[in-house]
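In order of appearance the chains are A, B, C and D, and numbering begins at 1 in each one.
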Amino acid sequence: MYNSYPLIIILVLFISAFAIPLFKSIKMARIIGISAAGISLVLSILTLIGVKANGAYYFRVGHFDAPWGIEFHIGIIEGLMGVLFMTVSMAVLWFSIYSIDHDLSKKKVPLFYTLVNLLVGSLLGIVFSDDLFNCFVFIEISSIASCGIVVVKDKKENIKAALKYLILSSLGSGLVLMGIALVYSLTGHLNMAHIHEALVSIYPEHSRNMLIAIGLFTVGLGVKSAMFPLHTWLPDAHTYAPASSSALLSALVLKAYVILYIKIIHRVFGMSIVGDLPVLNIVLLLGAVGMIAGSVLAILQKNLKRMVAYSSVAQMGYVFFGIGLGTTMGLAAAIFQIFNHAFTKSALFLSAGSILEKTGKKNISDLKGIGKEMPFTMAIFTIGGMSLVGIPLLSGFNSKWNFAVAVIEAHRVELLAVVLISSLLNALYYFPVIINGYFGEESLEGKVYRNTERPLKELLPIIVLVLGVIYFGVSGGGLLSLIEAGIPALN
Amino acid sequence: MNFLALVPIAFPMALAVGMHFVEFKNESYKRAYLLGGVFLNFIFAMMVIFVANPEMHIFKINDFMEIYFKVDGMSKLFITMTSILWIFTTAYSFDYMHHEGKEQKFFTYFLVTYGVIVGISLAGNIFTFYIFYEFLTLSTFPLVIHTGTKEALASGKKYLIYSFSGATLVLLGMILLFSVTGTLDFVPGGILEGVAINNRVTAAYVILFLGFSVKAAMVPFHSWLPAAMVAPTPVSSLLHAVAVVKSGIFALIRITFYLFGAEAVNAMHVRGYLSILVALTILMGSFVALHQENLKKRLAYSTISQLGYIMLGILLLNEDGLTGALLHLINHAVIKITLFFCVGIIMLRTGYKTIGEIRGIGKKMPITMGCFSIASISLIGIPPTNGFVSKWFLAMGGLQENRAIFVVILLVSAILTAAYLMPIVITAFFPGEMGKELENSEPPLMMLIPVVVLTGITVAFGLFPNFILHFIQGISRSLIG
Amino acid sequence: MGHLITNYYETGAIILFGVGFVTLLAHGNLIKKIIGMNIMDTAVFLFFIAKGYISGSEAPIIRSVKSATGYINPVPTALMLTGIVVAVSITAFALALTIRVYEKYGTVDLNEIIKMGGE
Amino acid sequence: MENIMLISTVLIPFIGAAAGYVIGRRDERLRDILNAIMTGAVFLLVVLLYPHIGGNGVEMEIPDIMGTGLFFKLDAFRYIFVFITSLVWFLTSIYSTQYLIKYKKRNRYYAFFILTYASTMGIFLSDHMLNLFTFFEVMSFTSYFLIIHDEDEYTRDAGKTYLTMAIAGGMILLMGLFLLYDYTGTLLISELPDAVAYMGPIKYIIAVLIIIGFGVKACMMPLHVWLPKSYSAAPTPATAVLSGILAKTGIFGIMITSIVIFNKDFEISRIIFALGLANMFWGGFLAIFQRNIKRILAYSSMSQLGYILMGVGLIGMLGDHNNIAIHGTLFHIVNHAVFKVLLFLVAGIIYMILHELSLNHIQGFGKHSQKLKMVFLVGVLSVAGVPGTSGFISKNILHEALVEARHMYQGPVMSFAEIIFIVSSSFTVVYLSKIFIAVFMEESDKYWGQFKNEIQKRALFPLVVLSAIAIHAGIRPGYMFSIMEKTEGFLGGGGHVPHNLYTPEVLYNTGIIFMLGAVIYYIVVRKGLIVKTEEGNIYRNPTLNWPDLENYFYKPLAKSFYWIGYNLFKHVDHGLVNFFTQIGALIAKIGDLKIDMGRFKRKERNKAAPDNAGAYMEKSGIEIKDIVAGMGERTTAAKVKENYATEIESVGQIFSRTQLHMNSIIYALFIFAIILIVVLSYLILRT
């Protein structure tokens, strides 16, 4: 019954995306966009329930069976990602109702909704698809769409940022394509499951080719998901994009590529091959360096959104760190971190965007006393920040805990230091903002309580996200065990 | 009745919310609200101690993360101490904060901190403890930077950095320990049964010890404490002589005797290194206190030194040492809060902050300075005050370990304590020729009563320590052999 | 070295890729960068299609019934058609952005843009 | 009943101190009366307790106080101390009422005076070292308030010395008690001797620590530095009790330690004996040179305490024949309290009237006031040991004990000790003659008896009582001996005591001492210290410039201790912070480091400069007028070029510029390329 839902989700999103421009009115765009997202959300939840009950399954798209036709592989992880993506994008779309007008000219608003639906659809395609080339196509679609939602705001910084993003991400997808070509030349297959079978049998003769392929995938997807030294496009794009776009970009876009990478490591090559190659060491190293360096760079920033953007680099470092550990627990921790970061960072970007929108001040030093002007927004920002710092009962703490457990299970206790130093560094840049916001007394003078605050109704979407953060903090065990249950299906 | 433990934790926080939003028409309404609330919570806390189920599992996130409260001897001790001192401080704060300003904000966070402290004392495993420990940092931070000056903000920053670094170490230690034991509950005698003492366990202990010792102001992690003295006096007294630093000490006791157990710690051979740090703490605090002109700073360094005594008592790992440590935990709280209150009264009534300025103040404030003198004597460890009793047990503990050097350190530090406290008393009472005429005299009754009662407790505990002593000896006997 | 010559398609693809990459790296001019990108894309296409080529076989257009071995592998070719479409759309998007850049900055040279202060 | 009486002797003063303070705020007269009645009542109680002291004495215990309980005991040994304490306090309380009339803060004085009384009683009654220590410390603090009463610079200084030494001594004592308890498991004085009996050499460390602690109060050499200062600083009644009674608390402690607890250990006794001799000699020697009457008496106290210490030492050294030493010591303890209080009180009367204590100013004061002269003479004779006074008895018993010791331990050391004893005794004669002659014999134009009426009966009454005791005890020492005999059991005495001292041999010895004293007086005081001027005799004090222990040893020691400690721990204090600040400063310094960027770019610039001179001009901040001014000499371009060749940038600027560049597309691509190459080559090289 639920088998076909993933395809329907993607189709609904794509069709709605292209339906939006047909209507000129912004209102229609919103109705269509959001209702499509809503339908998809419901469907994805149903899918997840089904998968949870009956286990992973393959879904044939079109008329041909696996080696020739395209298949979707839906396991618990994919189902979870579907729900995550749809929930966050739903919240962001909801929020955009109140905020996007501020950033965009009227003409561009429908375009924004088109692009968002296109983006989310293609990201889900990347997550669901079991066909490498199909993934590549979705990657390219998502590249264009994500550049689109950056550049939809017509400022020169945005254009430059989008151009940078576009060039780097198309380079990345070029490498991915090259990798696909190599794998294809070795195996003659594009379906992940089939490639895996073939690769295992030919591995001894062609290990070098595989190395190059996997290296190309690592760098190619690394660029797209902002693995540390390749993150250069990220701060610009995330900083200048409208708040809703930033939230989507950091919460979802980065994550889809990571999921693809996980699939390539685990489904395409399989741990039996990857375990032999030193590739995970690179991922681990870059992840660890990213955790520290991202935070250090964030400390140096003066612009609030830019700081949050650099924080994303650090948080993605965690994800790669988890993958790089190469253990089940590490992977589970990485996937948990994807959830944590998606909720937290979107809440942070939306609240930071609100502050920017309402006060017009983008520098941290100008934001002293903002806690008085916008107490609720600032409270949301505070919870988000604290989650990333690792205050218990918020999801960030659980995530860190999972990493720590994973590190110990992998017998690499020394890496605990990296996890903890990084979280300490997080404190170094989130706390000053919070402190200045609430306690920068001298600048509280003349501020009027709640004078620039958004109405509570407009904050509701962010509050939903924050509730997610708290939920995963308080009862993170359920999610983690779900993820752990889903991981075998990846292999 | 599982959730009864949450009442004394949540009730002050609810009061704080009320404090934040309600505008009181009348000063006395506010006072009644606060004092009544704090007192009521004291009763709740007593109820939890005496009535409630001793084990309260609230909810469980996973194996590691479980919110779990437990009432045992240590929590009874700590919760009673803090609750009683909280009542006094509340009474004291009214007039003081009226003068300082921003009362509403102060009392809001003040109440929140109360709830957090109750949580700390009731925590049944180190995870729950850790949560409240972090919240303690967060809820006291606004109090530290209460004045909002640049200096206050800088100190607040220092406080946060130190606290979070410590908490990070704690987390690291917890993880390491958990990886060995698989449980983190506080059990008398430790949870290491059947676990070999390997490097990882040792590392976990050292890291946990160092992490918690940040709050307990051990050298070299102490410098947030003197800096935090920019806070208003009630904050300095309650938080930095009682609640915050003592929660660090409390944590050290918990980890040493309830997680690792005395035997295991003894087997680790790291005590020597830690006790060097502790000895340094004692001497450093005393020596540097001698050099401080600012009264509160002097007391802050004195606190550092006295906390060293307690940590020493913990590290001795014998019954007398632990008894001394626990006694000093309480006695030092009572003494130091009295001293701070007196200094606060001086600052409030005259605005003087340094020793040079308070010449002859004893003539105008004989009761305040009299209490200060008695508390000073007690801190030096002169009988028949409570300071002597705890020092006695600490020294006995030290001698049992054949470490006469510790006793010598204790006594040298006691002499230094005299050297930095007695001049205050002397200049206050015997100004000599240079005494000035002061206009202000004794403070309002609301401030004076806590000081006098606390001084009374100081002497009473010195004369009749047995009631509390037997209770504490019961605890330490159950923990050691 | 022998392999380089026997596998001349692949060698060519790598050389092309290099050319494209250097163009992308070395030139400040945005248009040239996009051209470099295109060259790289072309290299990948070449590589991919070469992988499907079986020496001596025909293009998979069925005019008379032959055994399947007589034709080259049609999948890469088909895939590359898609790839070309994607590449073209990306190029188009990039060029559009370049135009906007020119409108805003008055130049398409990145070095000049950096000198303007970047931000 | 006895128990209640016993506890009352301590409790009544404690309550009385508080009551007196409260009442004194309203009515001073009432308080004075209360104090007199109260001290009198306590004295009465003590007298009434006399019948109970036989055998084991009165014992009582109150559990739970200070954790261990309160143990009081009154036996004959303690009774001597308790009796003399209550007597002296009673008399000085009466005396104080007149002495203090002109003083300020009388109320505080009385409160602490009586508190000191209570705690002193507590010390003498304690049967538990912890109780003893507690009262000892309380007494230290309360007596501090008496010393510092005047609150001028001198008293503050004296008080500081006193308090420092008292606290330090207390802590050393405490250390001793810690060790004692650790090794024996008890601190009950009655149980300790058995517990200590089996102790190893550690007992010497313990004994030394405890004796140092008590020795501070007993002003044992070299811990006596506080004594002359404090005695002359305190108001006279306080000085009287300080010297008469408080010093005895130290003696009491030493006796309890060395005789009772350590059971007359020979080594310990020998040390005490030697220190006693040193005290005796040095105190007497310094007393000769003083001209402040209270200071003379203070050094005299030191000397007399030396006698007592010597006696304590002899008790331990004489073994089975120590009764003689016990009697001598205890007798001298009582005597010293009586006559030294007497002398101080007379000095107080002089001060009360003249507000002067220097011999140079009060010369001849007493010539015409006969009553004062009489009582003072009794005191002087008694101290000097003239036959017929109590001092004669006690000193000679001590001398007999010394002779006994010399017989027992043959050798030059003991002979030397006896010589010192005799010389010190003659010193006593010298300094007392100095006072008496100066104050009561010399003629002076200033004084012709005009102050006679200022001396009231209230003040004179105690003096008369004390001098009566001094003479009575000298003539009929029998009842004193009878009490002392009862202590023999407790102190473990044995052997014969000569009760009749008026033998030719003893009188001959006394004669020698007086002769020697007269000679020294004539040579040293008359010839050496008195400077004759037109206005009369002026006494010099050459010791003022002598190096003393306090300023030349203790203070530098304490200061260097503090200095080293502080400078050491200062770094500990700021170590961590400094470390990070230094790193921060280093980074900032690197940021500010100036680098001549022109050098790297010169080649390029040289080409570009002439063309873009205008643009560079703007950047390098050259004013147009500079250029115009420079026109005549060089061309603009050349100057600009030169200026630009040394373009200086700080590292911080370079860093931020680099960051900006890194952010650009070009650099992003380069990073991408580098990573790609590194990753691929790493992968390939590793396998």
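Assorted remarks:
In this section, a residue touches a chain if its C-beta (ideal position, glycine included) is under 8 Å from a C-beta of that chain, and two chains touch if they have at least 3 such contacts.
Predicted model only: the values in this text are computed from it and were never measured.
Listed by label, the chains touching subunit A and subunit D alike are B, C. When every pair of chains is scored by its C-beta contact pairs, the maximum goes to B-D. A separation of 45 Å divides the Cα centre of subunit A from that of subunit B.
Our note on geometry: subunit A versus subunit C, Cα centroid distance of 28 Å, whole angstroms.
The mean-CA centres of subunit C and subunit D are about 96 angstrom from one another, to the nearest whole unit. The distance from the centre of subunit B to the centre of subunit C, with each centre set as the mean of the Cα atoms, comes to 70 Å.
Each of the following residues of subunit D touches two or more other chains: 663-665, 669. Counting partners per residue, subunit A has 160, 163, 167, 171 as the residues that reach two or more other chains. In subunit B, no position touches at least two other chains.
Subunit D makes touch with subunit B in their complex at residues 64-67, 130, 133-134, 137-138, 141, 148, 151-153, 156, 159-160, 163-164, 167-168, 170-172, 174-175, 178-179, 181-182, 562, 565-566, 568-570, 572-577. The part of subunit A that touches subunit B in the complex is made up of residues 389-393, 398, 400-401, 404-405, 408-409, 413, 416-417, 420-421, 423-424, 427-428, 431-432, 435, 438-442, 474-477, 480. Per the touch definition, subunit B reaches subunit A in the complex via residues 59-62, 64-65, 127, 130-131, 134, 138, 141-142, 145, 148-149, 153, 156-157, 160-161, 164-165, 168-169, 171-172, 175-176, 178-179, 200. If you check the complex, the residues on subunit C that touch subunit A are 17, 24, 30, 33-34, 37, 40-41, 44, 47-48, 51, 73, 75-76, 79, 82-83, 86, 89-90, 93-94, 97-98, 100-101, 104-105, 113, 119.
Residues 659, 662-665, 667-669, 671-672, 674-676, 679-680, 682-684, 686-687 of subunit D are the ones touching subunit A in the complex.
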